[in-house]
Every structure is written in C-alpha cells, then in structure tokens.
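So that you can tell them apart, the chains are marked A, B, C and D in the order they are listed, and the count of residues begins at 1 in each.
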Amino acid sequence: MAHTLGHSQYGKAETRVVRVYRDRDPHELVDLNVSVALSGDFADSHLTGDNARVLTTDAVKNTVFAYAQEHAEAARSPESFGLVLARHFVDDVPQVTRARVRIEQHPWRRLAAGGEPAPHAFVRDGQLVRTSTVTCEAGRAHVVTGLRDLVVLKTTDSEFAGFYEDRYTTLQPTTDRVMATSVDAQWWHTGGAVEWGTAFEAARQALCEAFAASYSRALQQTLFEMGSAVLDAVPGVGEVRLSLPNRHHFAVDLSPFGLDNPNEVFFAADRPYGLIEGTVRREGAPEPGPAFDPGQGWSA
Amino acid sequence: MAHTLGHSQYGKAETRVVRVYRDRDPHELVDLNVSVALSGDFADSHLTGDNARVLTTDAVKNTVFAYAQEHAEAARSPESFGLVLARHFVDDVPQVTRARVRIEQHPWRRLAAGGEPAPHAFVRDGQLVRTSTVTCEAGRAHVVTGLRDLVVLKTTDSEFAGFYEDRYTTLQPTTDRVMATSVDAQWWHTGGAVEWGTAFEAARQALCEAFAASYSRALQQTLFEMGSAVLDAVPGVGEVRLSLPNRHHFAVDLSPFGLDNPNEVFFAADRPYGLIEGTVRREGAPEPGPAFDPGQGWSA
Amino acid sequence: MAHTLGHSQYGKAETRVVRVYRDRDPHELVDLNVSVALSGDFADSHLTGDNARVLTTDAVKNTVFAYAQEHAEAARSPESFGLVLARHFVDDVPQVTRARVRIEQHPWRRLAAGGEPAPHAFVRDGQLVRTSTVTCEAGRAHVVTGLRDLVVLKTTDSEFAGFYEDRYTTLQPTTDRVMATSVDAQWWHTGGAVEWGTAFEAARQALCEAFAASYSRALQQTLFEMGSAVLDAVPGVGEVRLSLPNRHHFAVDLSPFGLDNPNEVFFAADRPYGLIEGTVRREGAPEPGPAFDPGQGWSA
Amino acid sequence: MAHTLGHSQYGKAETRVVRVYRDRDPHELVDLNVSVALSGDFADSHLTGDNARVLTTDAVKNTVFAYAQEHAEAARSPESFGLVLARHFVDDVPQVTRARVRIEQHPWRRLAAGGEPAPHAFVRDGQLVRTSTVTCEAGRAHVVTGLRDLVVLKTTDSEFAGFYEDRYTTLQPTTDRVMATSVDAQWWHTGGAVEWGTAFEAARQALCEAFAASYSRALQQTLFEMGSAVLDAVPGVGEVRLSLPNRHHFAVDLSPFGLDNPNEVFFAADRPYGLIEGTVRREGAPEPGPAFDPGQGWSA
C-alpha cells in the first residue's frame, strides 16, 4: 500500500489555434497545434485530490488563445510562441518548475486569383509539418526545432550490399534500388538569438539537398549526411536527431508474364518497414540536457 | 431460405504501384493506388462456391503491375491507365460485363541539389490527391477525374446571414468570418479525346481561383461557383460533383481576459462540421449514366 | 456560363452526443455520432447566396442535442433516434423534402467493481460499430441498420480453388487457408414495427454464426451465407448489403531456414486486399428505394 | 564538418505475424505486431557506408517469423516472445549490444456456432491493445507490460473543484461531471519468473476496478489509484507509468430551447484534451534502468 509518486506532468494537449494577421494587407495566417506539459508541485492532487495548486488545463487552453492575441509577433514562429508560453507558466505560476510546449505548425501558401496573389485566400501546403519543442526550467529555456512527414524518394543512386549475414539472411545485395523515407528530424539550438523562420528554411533545404545529392550505400549513411547538412547550414545547432523509416519499394517480378522489370515497376509496401534512428552532433557541443522530449518519436 | 443474389462486384483494392521512368534523364515518377471492381457472371461463386468463372483478385493485382510496365505511357495519367485496365478486363475476360477502376495519384515534385533540379530525387507534394474513376461496360468507357484533400481557407470575404430560423436556431448572423474547406471534387468528361494532365491542372486551378476570388454569402454559393469554374475551364466536362465540409473556425471570446478579438484568433474545430454537397451541370449535357461511382464519397 | 444546379444536400456531420440515463440506477449510456443531410428547396443559396430558406447546420446540431434530451427513449436506439430526427426535419421545416440521418453507435459495456456490476462506470467495447441510416421523404420513412469493423477470422475450413486462369494468373489453388475479413453490413427493414435492439443483436449473431459455421469455398460464398443468415434471423429485413475486404494472411515460406510451416505462421498484409461486395435479397421483397445511402461504403 | 555520431539504433518495425496453433483442437491464435530496435557497433554504416556489421532489417523480419514457428510456446505471450527475440539478437549477433523488442498484441475471442464454441473461428476483441517492451543488454533483460486504447467512462462520482485560479481561469468548479479517458499504461516487472498471461489479466482488471470503484476529485487522483492498484495486484511490479488523456464531455446548454440538462446530454469533444501523466512506484523498488522505452508515448 505504501506506494509513491514518481515523475508526473500534466497540461492541455492539441489546442488548435489559427492566428490571422489582418492589420496588414495581404492578410497572413499561422496555424498551430499547441500542447503544454507542466511539472512541479502537484503531488497533492495525485495523493489526496486536493487541487489547490492545480492550474486547470482549461486555463492552459485559454492562455494559448490569449497569448496568440497579446503576443502577436511571437506567435508567428512556433519557437518564439513556445518561448513566451513556457516562460509564462514557469514565471507566473509559482508551483510550476518546468514547462514544455510542443507546437506543430501546418504550413499554408497564398493562393492566386487572376494572375495576382490573393490577399485573403490560402491553400494548405501538405509537404511537411514544422515542429518545435520549448522546455523552460530553472531559469533556462531550451529550444528544439523539427519537422515530420517530409516524404522523399530517390529513383537510383542507392545501393545496399556487403552486409552481415546470419542464418536468417536471405536478402540479395543490390547496387541499384529505390530509396524512400518520411523524414522525422529534430535539431537543438544551443543559443537563443535565432531568426527562427530563416533557420527553419535553411535546415529544411539542407535535409532535402543532402538527400538529393548523396550517393547512398545505406540509409544509415544518408541519415548521417542529412544530419551533418543541418549542422553545416544552421550554425547554432548542437545536435540533430533523425528517425527515418525505410519505406520499402520492391521491384515486382514480372517474369511470369514474359516481361522484364529493369527497376521500373515497384510495389510500395506499408508494413513492416526498416526504421533507422540516429544522432549527429557538432564536435564540442554541450549536452542537450532536457531539450529533447523523450516521448516525441525519437527513442533513445 | 429462398434468398436471391442482387448486385455484386469484386476485385483487388489499393494496389500500390510506383512507376519510374528511367529511359530518360532526368527520371520521372508516377505513384498510384489502384482499385479494381468487376461485375458480371459471378453468381456461381456466391451460390455454390464454384469459382470456375472467377478471375482471382491476385491476377487483378498482377495485371496492374504488368500493365504499368507494358503500357508505360498510359500509366502516366490515372485516366489513361484506368482506361487500358478497364478495357482489358471487359474485353479479355469474357465473364466480366463491367469494370470500374479507381485510381488515386499521389503527386511528387522534383527536388533541387546545388541550385539545379535533381535528376533522381523527389519530394511528395501533399497538397492534394488526384483521383480518377473509369467505368467500362457495354463497349463504352466513362471517365471521371477528381481530387480530394485540397484544403483552402479565406480569412475574410465570407459572410453568413439572412438565414431561416426555427426553434433551435441560436447562431448569430455574421458579415465577416473565416471560411475553410477540404475540397472533394469529381468531374465527368463527356468525351474521350482529352489531354488528361492539362485538363486536370486547368480544373485544379479553376477550383482554387474560384474559391480565392469569390465573395461568399454561403458555402453553398461558393460550391456552385467552384463547380461552374471547372465547367468553364475544361470544355468537355458535363457535370461536377463537390463535397465540401465546412471546417469551422470559431473566433475565441477573449473578453474574460480583457482582450478584444477582431477576427484574429480562431479555434479550429474538428467535429461536428457542416457538409455541403452539390452538383453543377453544363446546360444540355447528357446524363452521366454509370460514370460516377456512388460509393465514392459524394452521396446522392 | 449557363450552368445548372443538380442534386444537392447539406447538413451537420458527426455531432458527437453522449446520452446518460441517470433517472435509474444503475446509470445507462448511449454514445452516438450523428450526421444529418437535408435536401429540398435550397437552390437560392447556391445560385444567389440568398439563405432565407437555409436552416443553419448549427441549428441541426442543436436539434440533435435537444432531441437527445426531449426524446430520451428514442435516443436509446440509433434507428428510433434517426426516425424522430428525420421526421422532424421533413415535417417541421417546410423547405426540407428529404432528410437522411446516419448514426454510428459506439457500444459500451458496464465495468465491474468488487465482483458487482459498477453502477456508473463503463468500458468501450471496440468489437464493432453499430450503424443506422434513416431516410424520410414524401411521408415515408426508410430504415437501414448495419455494422462495421466486425473483424472475424477462420483458421481453417476455407479453400480457394478451381478458379479461372488468364495470362496474369499465378496464384496456386489452396484447400486450406486462413480467411479474415472486416464485416461491413447493412440491412433494410421493410416494415416499421421493429424492436431495434433485439433485431440488431439477432443480425449480429447471425453474421458471426454464419461465418463461424460455414465451410468456405470462396469469400463470395461466405458473403451470401452471411446475408442469408440475416434474412433468416430478422423476419422484416428485405435486403442485405455486404462489403467484405479479404484481409490476406500469407503463410510465410520458412524453408530457407530449414523449417516447415504447415499453415501456422502467417504474415498479415495491409494492402492490397480483395474486396468482395454483394447483395442478398429476400425473394419477393420490394425494391429498397432510397433506403440505402449510396455514399455509405457499399458501391453499386 | 567535424561532426560525430551520437546514439543510434535501427531495426525492422511493425512485422505483422499471426501464429495459429493447430496442433490442438480447438485451434488457438496469437496476433502480434513486432518492432525490433538494435544498438551496437554500427558506426561504420553511418560514417562510410560500410555495412559489414549490419544485420539486415530483412533478416530481422525473417527472424520474427522463424521464431514464431520455432518458439511456439514463447510466442503465446508478447513478453516471452520478446525475451527469446531480444536475447537472440544480443547473444547471436556479436555487434549487437542492446536489443529492444516492442510488441503489440491484438486480442481475439472465440466465436460461437450453434451454441457451442467454434473450434476455428474468432472475432477481434477491440477493447484494448496489449503491449510489451523487452530490453536486453549487458546480459540483463528488462520486461515492461502494458496496454493502450482501454477507453473508460464514469457517469458520476467525479468532481473537480478547489483548483488554483489565475488571470486565465474561467472554468467553474463542478461536483458532478462525466470523466472519460483512454488508458495508456505500462508497468515494469522487477523479476523474471512471471506467469505473463495471468499477470496481464490481473493488471488489466486492477486498472478497470480502480477506475470504477474510486470517487474522483481529479483525474490525477484516479491515476494514482489506478497505478497503485496494479502494484497491489501484481507483486513483482516495481513501477507503473500512466498517460491519461482527459476526454472532455461537456454538458450541453439546452436552456435556449427551454430545456433542463441535469448532466444527461453531453458533447464529446475531440481536441484539445487534458493530458495527465504520472508514475507510481513501489516503495523501495529499484530504478527501472533502461526498461521503459522513452519514445513510447509516456514522456518524462
């Protein structure tokens, strides 16, 4: 019966806030999904149901909406919006010792009408989701930027050979295959004075270019090159974590039908898939501490 | 015990085929999800388990892959690939009287590397899914093109007022609201000599432009304008069917926090949502017959 | 420019209402997802943006909630709740000529505590979703009951052999295979005086028993037996429509590892899958008219 | 350019294996989704593309299938199957220093036919997914059992009052509300000699009973009681981690329609939701070390 409370946290998850900037023409638009997790002195609520120190998750939601209005410029980037929110909870709510704010940003592009950019109409750009994790504790803020659902594919320049063989190995080596993955990447900013939008765009482009330009002898090798490219492109980044599913494309055997298949017709399989995860660090960078949310996809 | 068999059909659904065109440089890529439904003389299989007339769904899958190789040019558009497949099943398998081939095409864009277009690397363009439904029966082919998951939003130029009120009406009229929808559209080509890629792009652009340019007094009105725009942009189209969820964006009441909210901060709700469905027809166009698959989203 | 409006409908989709019955002990619980589609004299809204006849979808949502309170006994079955709602829209809103109400019901089971049934605590029973489609027009009501996501599997008593072979057929006949499907069934009640809960349970049990008891020479044959079983079990049902994906379980070839696999180890594949759809009718039953929503899964 | 490789791991994810036990009558069935992650001496593959030490993920998949045949009794529980698999990779593949095997088990129940249990037919029991995470390193194995998607709801015996209020707090205290959650729980077994099936069932029942029997002053309090109940029910468990979304059910204001709503009609909201996460530990239990996969939902 003598059980004890270990680590705990709570908050409001997935508050969907769309911020429209109407004080300029054309309008602008930011579309965010905000999740807040608070840690601190909340044991009473668990142990006795005394909620005297519990900031309601409803108030957390209200704060997200109110801050989108009051901190209009901060809300333009998930990193800066996460920073004002996380600092608020730690600074203004005494019993909160750590706040972690995870934000997904869904990109939109401006539509055109009559050959001109439309001032008030947008289309969702589904190429990727931009992510941010801001953690505030003990007077320090940690910022991680990332993206997911960036799906890329190479039709050649990929081989996989010379691998270890055991009793259960039946795969044939190949010097030419399709390689495809859905990039889930997160990178930690060691410093704070960052132009978030510019830095994100540089990292996104670095990931794409490294994937496109590299000759791949293994998805592991490509992962390292992609992480290195982010470090090269964004100076303040100390560490990059990548989780890359190997979305298998199997060349279909068409010989029963009297047909050749010189790597032209592929079956895109769902499951199982390879899953390659790795960390690329800048030499001499400090340790990231609590910057990365361990529950967020990448599993150490 | 005297039960009878009514309408039936069967086939292989969701064969995921990726066709790479390597005989040119740069490579090209088509990514399709092919579902085939066959009708005909298949009662024996249902009534007695005699499968002597049943073309296996495994053979249907094999045919999709083999045709992607043999009919390389047809495979470049879902409409033309659907046509060769549907005609094959009706022409070459005697017991098949009708074949319906539904194809989803996932668009990809070429990546860049070093400032140049990458010859062999692509990124999935998640803005929409292109669809096609080809139905072949009695020597005739019917072609429907469409798209889904095209998510668009207007920050203004949308009102909703002057509506009918009953006992359960509490909505306040508004002269300025955010309007957002995920476009699911299908349009039927009355004739066959169509440049499919060009026609699709014209229709997609017409849908986007009509949404962007219109002043909306109801999503119903915008639906009609979007359908009309497709008819204007693609001459051979006889009928357009649209299914438009009204993805509500509610302006958040910030007055408890002493804040104004002049249509700047919105809560994007998931459910429930309005659902507006409608048909726009070219005057004098013939009836579409079996062209539209009634099970495909739009419900008459 | 001379375009015309064809069939249209609109309403509120996926209103999630949970009705708790607290006037008895133990409490009871009904969990519904209600979608309403209205047709009628709504052309003005499409053509000119004049909404004078448009009942707002917000009012539709309000009606669902209010009726869950006012029509407490009707809300206990999706069919009876659909009937009061559909009749209300047709009878009380002059411009509505047809109302279709689709309801999904998520079943819950009572939890136990201390060896006794818990009076106020429930667990979601995820075995299936019960569905209902009620269509009201011209003074007549049509009721369809159904279910989906009922996943069943036979480890033997299933064969597939003696099938038609063409150039693309490579499948080997088998006299023993795993057969699995996710049942999507809908059945139309020709009359109105039905004990809905009892009838649903009888149909659900008939589907399961027919699947379990039958020796299958094709999934087509099993489909017909399952539909026949519903007709036998529920007297007033005139027609049953079934959509059965063939969820392939492939016996894995373990011979490279020196192992036999006498139908013991299977790979459960996601895509592609066979899709078998069919109708079983009671001899002499009338035609179902508009009872079945053509957009609801089963595609004629 | 001087970048270094940090932590990495790789493997095959989501191998879907169904094991049928046909050497007894009636047949039995186990349905698993197996994901393997390996760590060790794999830097060469990342840094130079030399794959000489890389066990292919294809071989990992083959191993899962072969072991399901060779280790038939172990495959009957996800914990014991995870143990034989994880030990194999660490013991038999020299370059592997740690193996983590995560398994999801989808439960099935036997169907009935003619009043008797069907010997060969089953229905998927969708109430929950059973999970297991086995981690093997340095000669030690760590076993975590869990479940997810167990959705439970109380119609009363839940209040939320006396909470902290800040500028953004507008929630009214309540002494009677609906409380619903989807339980995601994991518990760590300190020792190895466990009857896995019995222990899982005891833990599942403890979670349900604690939820049903408790009077809740906060979901936090209920979380602690549920975790404590698992510790009480399964002696060897040292720590329980719970992640409980608060699935809000809002009583609908029906006063505009002249109706009372004494907690009878609720709107079940999707997003946002509260998210309460916490750890309950047995006093004096050792630290769990690497037992919990940090990437698996619960975020420290």
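Going forward, a residue touches a chain if its C-beta (ideal position, glycine included) is under 8 Å from a C-beta of that chain, and two chains touch if they have at least 3 such contacts.
For clarity, every value in this text was computed on a predicted model and none was experimentally measured.
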| item | value |
| --- | --- |
| Winner on C-beta contact pairs when B-D is weighed against A-D | A-D |
| Farthest chain relative to chain B (centres taken as mean CA coordinates) | D |
| Rounded Å distance, chain A centre to chain B centre (Cα mean) | 30 |
| Averaged-CA centre spacing for the pair chain D and chain A, given as whole angstrom | 23 |
| Distance between chain centroids, defined by C-alpha means - chain B, chain D (Å) | 37 |
| For chain A, residues contacting two or more additional chains | 15-16, 62, 66, 168, 170, 256-257, 270-271 |
| Complex contacts: residues of chain C adjacent to chain D | 15-22, 27, 29, 31, 62, 65-66, 68-70, 72, 108, 111-114, 118, 120-128, 149-157, 178, 208-209, 211-213, 249, 252, 254, 256-257, 259-270 |
| Residue numbers on chain A that touch chain C, as the complex places them | 167-168, 170, 256-257, 270-271 |
| Chain C-touching residues of chain B, taken from the complex the two chains share | 1-16, 35, 37, 42, 45-63, 66, 92-93, 95, 100, 160-166, 168-171, 216-218, 220-221, 223-224, 227-228, 231-232, 239, 245-246, 271-283, 293-300 |
